[in-house]
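Below is one structure. I have some questions about it.
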């Protein structure tokens, strides 16, 4: 894939830390989701818009690598990109940076469902192109 | 109200702790909810049963007093009781104990809704009596 | 107290919703905390600064009123103010607004501890005045 | 690896569901952790015991596959096993079942640290053998 072109940021909440004094491992999946939502807001008018058009996306696989401990109040920039659209499936990749330092990365895989039947459905072309211009070519 | 007669227990999860080394204040509301669910399972065949009969309950007020710090892996017994059924409203009271020690207490208030209209609805007698025998008398 | 003069904002995360389709009741305590952290960042150089000076603050009581359901992606403005500094204790009040509409409010009470002894300690004057100018007068 | 021989169970909390009506993807990492904690309680006298002996374990990688949607109040049996002890690293594998049905699986990788230096440290033999008898042979 090409370089990450989308980014958003979060600040680590106190509630996201644990008794080891660092952000809990499950919080990263919430941050990945925040990045996906922001990504969809920028490129396809938001997740709600996708729902209104009759689609739902579900998460089918997640992967996180924790490279450096992250602490309360750290500002984390999340770089995200969408790709690998095949049939009803797509994936997101993420890189989390604090200052210039890579502190974590990972990816998630998803399936696009028809909201009426809740069964996997092929991407409409406009959505495939909006999410991954390279793929739609 | 009479003494607490219902109890359930949770063990503090590592994910529920924060960087102060204690359970985070928001976790207590989750534990209160666990106790409500267990209470409803015992006395009215579960929350799902209430939903199937056409009702939904929403939380309209919560209150917690944190008396002693609670730590990872602590076993907490939650004493709960239901009361104050008036019109569409009801409340729960909670006392959290570790060993014999009271570590927190609180209460929550709820409204019973009709699932179709999502508007407040009066308690059916059978439910009022099951939740608070003293009130139904 | 005087009118709320401090405000910050959050956007409801998907992870903060529950199967009723609204933000879960425990999420509000996390948002209150986000507002406290932002408040302390503005008025006393941040919570970390307070810790470096030898203090720790713990939450001893929380109260929330849920007035209107809040949904995924709603932007919520949190108005917060600090007050009631007495001895080692202080409180925060919160009002949550979506557009102009009040959707929830509440308050939290806290104790200031000496980080070395972890026992309650009186507010230093500079901190009392920074948090609540009216009180320090 | 040999078949899973350890199992523990959780019941899906209402707070763990999201607006899609299913358990949120981040909750699975919390459940994995609950299973690790229970595993350590059974085989090495608990995580606190490991800490008291001067060790800390940190999570360095997580992976989850979501195979079937999981709902509020579902009882999930978590099968877990530990393995791949090499130097300071070890991993856990998990299989989540509802009734007889596999609903999710995954694995996590961890590093063992010396609590004083917070640097990776080799497993003491007794711990390696307790966690993974096959490896200690």
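Read from first to last, the chains carry the letters A, B, C and D; within each, the first residue is number 1.
Note that a contact is a pair of C-beta atoms (placed from the backbone, for glycine too) under 8 Å apart; a residue touches a chain by one contact, two chains touch by 3 or more.
Note that the coordinates shown come from a computational prediction; the quantities given were computed from them, not determined experimentally.
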Checklist entry - Considering B-C alongside C-D, which chain pair is linked by more C-beta pairs in contact? => result B-C
Checklist entry - Which chain's C-alpha centroid is most distant from that of chain C? => result D
Checklist entry - If you average the Cα atoms of chain C and of chain D to get two centres, how far apart are those centres in Å? => result 34
Checklist entry - Rounded to the nearest whole Å, what is the centre-to-centre distance of chain A and chain C, using the mean of the C-alpha atoms as each centre? => result 29
Checklist outcome for this item: chain B and chain C have mean C-alpha positions lying a whole-number Å distance apart equal to 24
Checklist outcome for this item: Where chain B touches two or more other chains simultaneously, the residues are 14-15, 26, 29-30, 33, 72
Item to check | Contacting residues of chain D [partner chain A, same complex] | outcome: 20, 22, 25-27, 29-30, 33, 56, 58-67, 69, 108
Next on the checklist: Per the contact definition, I'd like the list of chain D residues that touch chain C in the complex.
Outcome noted: 14-15, 17-19, 21-22, 24, 26, 71-72
Checklist entry - What does chain C use to touch chain A in their complex? => result 13-15, 29-30, 33-34, 37, 46-48, 72-73
